[in-house]
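Once you scroll down, you'll see the structures, which are given as structure tokens.
In the two complexes that follow, subunit A is the common piece, with subunit B as its partner first and subunit C second.
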Partner chain A sequence: MARVYQVPHHAFGWLVAGTFMAALPHLIHGPLWLRILLPATVLGRILIQRGRLPMPGRVLRVILLGGVLLGTLYTHGTVLGPDAGTCLLVAAFALKLLEMVRLRDAYVLLVLGYFVLATTFLFYQGPIASLYVLLSMLCLTAALPGINHPEAGARAWRHFRLALVMLLQAVPLMLLLFVLVPRISPLWSLEFSQERSRTGMSDSMAPGEVSHLSQSRELAFRVEFEGAVPPPAARYWRGLTYAWFDGRRWSQARPQEISQADYVWFPASPQPRPDWAATLVAARDEAAARGPVYRYRVVQEPSRRNWLYALAVPFADDTRLGLVRDLRLVSREELNQRRDYRVTSYPALRSSMPMSPADEAISLQLPEGFNPRAREMARRWYREAGSAEAYANRLLRWFREESFYYTLEPPLLGEHTVDEFLFGSRRGFCEHYASAFAFMMRAAGVPARIVAGYQGGELNPVGNHLRVHQYHAHAWTEIWLPGSGWVEVDPTAAVAPSRIEMGPEAALQDDPLADFQGIMRDLPWLQQLSNRFDYVQFIWQKWVLDYDESSQLSLLQRWLGDVSPARIGMALAAGAAVLLMPVALWVLLRRRGPGRTPMQREYRAMLKQLRGRGLVLSDDLPPRRLVREAGGQWPAARPVLKKWGRAFEESVYGGQAGTSLRALRRYRRQLRWLRGARGGQHVSPG
Partner chain B sequence: MEKVQRALARVGKVVLGKNEQIRLAVACLLARGHLLIEDLPGMGKTTLAHALARIFSLDYQRVQFTSDMLPADILGVSLFNADTREFVLRKGPVFTQLLLADEINRATPKTQSALLEAMEERQVTLDGDTYPLPLPFFVVATQNPVEQGGTFPLPESQLDRFLMRISLGYPSPEAELALLAAGDLRAEALDLTPALTVDELQQVMQAVEQVHASTDLLGYLQRLLEHSRSSGLFQAGLSPRAGLGMLRAARAWALLGGRNYVIPEDIQAVLVPVCEHRLQPVAGGAARGAAGRLLEAVPVVP
Partner chain C sequence: MLAAVRAPLQRRYRQWLARRMPASRQQRLTQQRIFILPTRYGLFFLLIAALLFLGGINYENNLIMALSFLMTSLFMIAILHTFRNLAGLLVRAGQLEPGHAGAEGALEILLHADDRHPHLSLWLRWPGGPVEEVSVLPGEEKSVWLRLPLKRRGRVHPGRLHIESRYPLGLLRAWSQLDMAHPALAWPRAAPSEFCPASGGDAEQGLQHTRLAGSDDFQGLRSYQPGDPPRMVDWKAYARGRGLHSKYFADPAEGWLWLDWAMMPGVDPETRLSRLTWWVLQLEQKNQRYGLRLPGAELPPGLGPEQQRQALDLLALYGEEVA
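Entry: the complex of A and B
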């Protein structure tokens, strides 16, 4: 039969739908002109199909292509790179739909469609995005039967079902390949535009210079606990410590003041350790006996920094991680991708940390000539209090009892930030309080430092994991008390205890975000839904997105023992064999008897139905005799049976295409409602 | 077609109560096949053959086979004419349109095979010269049941040349009464008015070839053949030639039934006459009815 080289009419629906769906996600981040172009081309295509518009001529197509190139240049300044490239690809893809005439064009469109779908993952990797991509793939695949069988009927739903079956069949193989095919770290890294870089914590803070703290709902990290979950007041996720104060700005200790001896990389055992690390390791068991031990896994969003977040005092068993002398966790590399790490924290180990003279020097450092009032008060109060602990308590009580306020929109401060804050504005957020408290401590001769990190987190009851968002970012202080070591002191808690106990939403009732949170609280099912979805995202993160080279290696090691290319190959072959064996068996067993045609199935169905009515009929009856025999046993059915028999005979043996299967089925249905088979004997239908 | 129906009816008047067999015999001829009638003497075999020849206005020759018969008695001989000093062919009885080979199993195998070769090739070779036989050419052979004495049973390879084997059997009581009342019907058979000319017969035979056989029907036929080979009921299964013969016979049967397409009933109707003489049941199996078991074992629609 002659091949028709035009795109079959009935393939259009799925082609257009698939194209539209494949390109749709790119409109979310794409420029405005792309958002207009895609619906316009789809609409144009439909109008062309209906004969309302002519096919676009060569001139128009050249103009459109030029416009797309210029648009991309205008938006991205280049046509290279992942952002501009995807934009150009999607636009060209949309235009291809417009100029599709021949079968070849349809194939090009489909293959392009699959590629466009793959690019979706450059921008979105969540479970919803993946589901969406699968659905779009289904639509694209549903266009395939239409293109390949020009003679097939225009049964859109059938094509979809075929595509669905094909994709479902591919799923086990896809999973096998996902798990086993060696993962290679990207050979090149894609540089995306700045807009996509994440917000996060900076390596210094200057409380007086911020008049508005914007809060982001973006996720910072998730924590999954094995065993006990610490109470809200103990959820201080330490990220950085600021030990250096220049009068306005707190920042990390200068690099020259951090030596190699301040770092220890895990696993700590074989290498020569600095004595502080040795002390900590030695005291670990004893600390575990004295206080709680938290075991957890942190899944951190990319931060482009190398510091990690953990409760004090963290230990890990991961060679990529290290412990710094100020009891925080660091990574050897910056986190440009999502990473997960397992940590065990021993809060009681704080007291075992020795203090070196260098530590003490930097923890007491203060620039000369700033904040004279605060300095003077610090010395006086310390003298009156008598001990560091009593002094700190007095200061906290002062914060609590005087009219200090917690706000995200504090006034700007001048030169003497601490003086102005303590004796003037008295309005600020965590940074202001931490900064003032640390200053007061140092001024009185108590070693102190500021810790930056996250405080709190929302417990998702569905997965028993903690969500920590950017708005959980916090700053607090640690002071050195002889005998207790570095002790956590959170002056913000003295001012706004709800901030610590209930999260930032509670402390900020007038915030629009808080309204949203309030709505969530009022609608428990919404909260529940949100929790569930978060859990799905977390699982997705854990099992799909985080499945990288190293997790693959550890999984394969667990399964295969020694991981070698030969073993992986064997596992792949064995897996494929196990998956394909049922298919092969099914095909082989089915091959034994010739495949049944719809008409043959109809005959069998009739035989079964009649036997179900209690008629005794042998297998070897040809249609006429079947009708005669059945009619003899069930006279009431004779007229319908005759019609059925004639229709069957003419269709199957008479070579007359006229009789449709539908008519046969209709007769058979009529029989179903007839009563009284076997000469009046009652047999209930169905 | 009405003429064929009329022919059937007329033959039925001289061979009483044997409509089924007459129909089969006519179907066999329409399918261009040779017919073997196996029966005891005196059951009306010859009358049937006479009637068929008359009704289709065919030339007719009858040969009574005996054990001392030679091939030349059937095929003919070249004689030397002393006057013209040339060999002249004296054609034997085989040069006719319908040959009745009576009691074929009384002849020696040599003579049998001479006839059977002529049947297959529809030509005769004498002294190196080939002479075509007239068209149409049918052989209706009769044979006594093999158990009778003084016979040379036909080997299977030669039985295969016959499209059908039928047997007439004793008439029913009514038919026998009618027969006794009518007296000898053989003379009447010779006086039958032809129902079709030879040309019309040729047309009908061509129409048989046009009868439609659908894929489903061919599938059924194939499964029957397949089952005859794989069931273990028979020493050897049916040959492809048997399958082709069955299809031709079924087409003719369908045409006689007034249809221009074959249905499974047609296959079932001709299966036993077409196949039974080609199938040797395995030792211990009943000779008769074996082909019928084939029908029971194979579903019409898979």
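Entry: the complex of A and C
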């Protein structure tokens, strides 16, 4: 049953809108040539459809395709992998728009459109992006009834309505499939290219070498608390510790004497639990009695690192996570996907952590020959203070009282970074203060290390969760005090206490971002809106994006009791039947009401309009009587009504409904502009 | 090889169809009469959904998986809508337009929609015939004339009426094959013959062979009278100096011819029918009244479209059982 094919005009709009919307997100991160190509092909297609341009010939098409291949190679260096593959797909998709000459091409274009839409989710996964994809899918789907409805009289918006109805009917079944279809582990491993690696913490820091700290609003992670939320001053999200100092750079280090098995403890691994971990586990209950316990869930954005963020002395319930000797969490593999994990933190457990000679040695390590002035001062002050605690307090008071400044744009430092900072520039951000403080502690013989992580977080009152952004990144120190264990000391707090209490924006009054935040605070509704949206994002994250094998298992166990393939199959079948049955009944049995031919609709519309003007008319009058009675009640409308009546009878009995319907509607519009039904009740002003 | 397997299968299928959907001149498309299967595009659509599912698993991307599920669900919903587009349609056999064997005839199909749903973009055809597309709105009755080739004389059974719809998404096609008990009629092929197989206009004249070449039942000459049309003047005789004479013709209203099967002894029946057909058309064109005698049937003399139609139908149905 082959037919000669043309894209019907009422379908063309949806087709172009759908394909354009499907490809649009890829233009944002795509290369420049792709950004030019797509609008050009859309424009070209519109011109072809209007007969202004001929269809491109075979030579031109081959040249374009070759160009697209070369462009992809040039941009990505390959045509394989998700980035290059998506780029190539979108470009080929755009070209397909140009060579659409048959019904078959239109189908291929539309079905490919769904595929292109799906690739959007490789790059964007938020609720807004998902809504956008749904809307684009609606347009693509609206084009399908259009190309299947070759009659010229079809209305474009009806296709849209049909697509909307069908998609709405499909949603319950989709949800069922989403919940029940078993999640399988990836069939083969895939690597994202490094192009999209993210900003974040690095595994070392060199305070003198950074003259500008970029402040990214990008989200680092979210935290949802069960129960008590720690006060701002206690929100120190520990990521990693720097124990090794080479004079310029602080970096991560594991003491040589300590084996990897003794360094990290994976609760699920068969290896024996290290002694220190056993000590901590044994002391948990006692620590819970002494101090607060925080239970929370962290939703970590992909960081491409394997360290995680938690409050001090964290215990995670995830078998892939381990506890490290310096009281932080690590993951077995890097976080290339979003990951959420539940943590219970016992701040009071710090004092139970034993100190080994190897740990102590590395926490006192300092390279020879750097920062002589600082060393000399450290020794003198420690002698004068008498205890480590008194010495630390004196140092902090000194930071606070002398003219130290907190700034994100400090001067570069030379060879003796600590000396130059303490006795020269006195300007810096958290890294400078932490570095100087830890150096001074070690120089006086107090074990110290630097902790890198995030400090603070914005509490969203709507969802009782914290948002921690990249600009919350922070570095502070921990010193070892006999009896108290590792104690958190934040020298930056001594210089810029507001940084800790109110967040980084408070400490940086000249930051444009701070102005924005200020505006947010002055407009409570805007703040509230932003909070609500963040909550939506959080829920989305929790229930949609993070729905994985384990959450599926626990959910199904709650619903089905025992989870077996047979049970899941039965649940799928039963659920599909329950969901499809009402839809089927509705689709098959719904009456569209009696007035369904165009002329009947026209008659009803007229009756409704006249009644809306206050005319009293009974149902089912013949058109001629309707005109007479309405004319009697509303004399001003009589001429238009008569014309309408004549046109109506002509189209009913003359059989040219198509042409005169437009005339009928025009008369009805004219009536709408007439004033004063029922003898001028509506008095015009002026 | 393939044909050897296919032929019995097709016969089985036809027998099964005949049991499931017996012939009737009026049939409503119900669940029993509607078949539904994906089209090629539907399979492509499902393939893309399956690919997305694999991609969703591999990239651990729930949204890609959700889109795949949404496509699958949309496909399921499309089954309902595609079915709905055919279901409930009342199909009736209408009139017929006969044709000569070897040419085309047409059969009318009436489609009546109840006032529930529209039935959009339906494709109708007879096996081997061209496709007609039609949409029926709620409460409407549409008449569709479907052409079909007529291969032989007589009542032609067109086979099962094929009604198909891919609306709305084109991913599925719903179809039905109905035996409408609506045979077409094929008149015999017209075959010219020199001599008219007819017996005379009146009883007294008896057998008369009318000459073919424009003779127009020439009766004789009479002397010219004022008022005679110049067309009737015998100009040849006038040129030879025989004076002005007018030709006169037998009045068609008074005389008639009996086209007779029995006038062509030794000719095979189909040829006889073809010749009679040709003469029916000829005499009709020449405004000559005629009757038709066939073994076991007789059409009284007459003239005009009705007479021609009756004569041709009689010829078409010669030897066939009277329906």
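As a convention for this text, the second predicted complex is superposed on the first by the 545 of 686 C-alpha atoms of A that agree within 3 Å, B and C clash if a C-alpha of one lies under 4 Å from a C-alpha of the other, contacts with A are read in each partner's own complex, and residues count from 1 in each chain.
The definition used in the following text is that a contact is a pair of C-beta atoms (placed from the backbone, for glycine too) under 8 Å apart; a residue touches a chain by one contact, two chains touch by 3 or more.
Worth saying up front: this structure is predicted, and the values here are computed from it rather than measured.
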item	value
Subunit B versus subunit C as contact partner of A:171, first or second or both or neither	second
Partner chain in contact with A:625 - subunit B first, subunit C second, else both or neither	first
Touched partner set for A:108, first subunit B, second subunit C, both or neither	second
First (subunit B), second (subunit C), both or neither touched by A:649	first
First, second, both or neither for A:497, with subunit B first and subunit C second	neither
Touching partner for A:635 - first (subunit B), second (subunit C), both, neither	neither
First, second, both or neither for A:247, with subunit B first and subunit C second	neither
Partner contacting more residues of subunit A (subunit B vs subunit C)	C
Contacts of A:584 with subunit B and subunit C, given as first, second, both or neither	second
Subunit A residues contacted in one complex by subunit B, in the other by subunit C	594, 596-597
Interface residues, subunit B side, partner subunit A - complex	212-214, 216-217, 219, 261-265, 268, 295-302
Touching residues on subunit A, where the partner in the complex is subunit B	593-594, 596-597, 599-600, 603-604, 607, 618-625, 649, 652-655
Parts of subunit C lying in touch with subunit A, wherever the complex brings them together	41, 44-45, 48-49, 51-52, 54-55, 57-74, 76-78, 80-81, 83-84, 87, 115-118, 120-121, 123, 125, 131, 133, 135, 137-140, 164, 166-171
Subunit C contact footprint on subunit A (complex, rising order)	1, 3, 82, 107-108, 111-112, 114-115, 117-118, 121-122, 125, 130, 133, 137, 141, 144-145, 147-151, 162, 166-167, 169-174, 177-178, 181, 183-188, 190, 337, 544-548, 576, 580, 583-584, 587-592, 594, 596-598
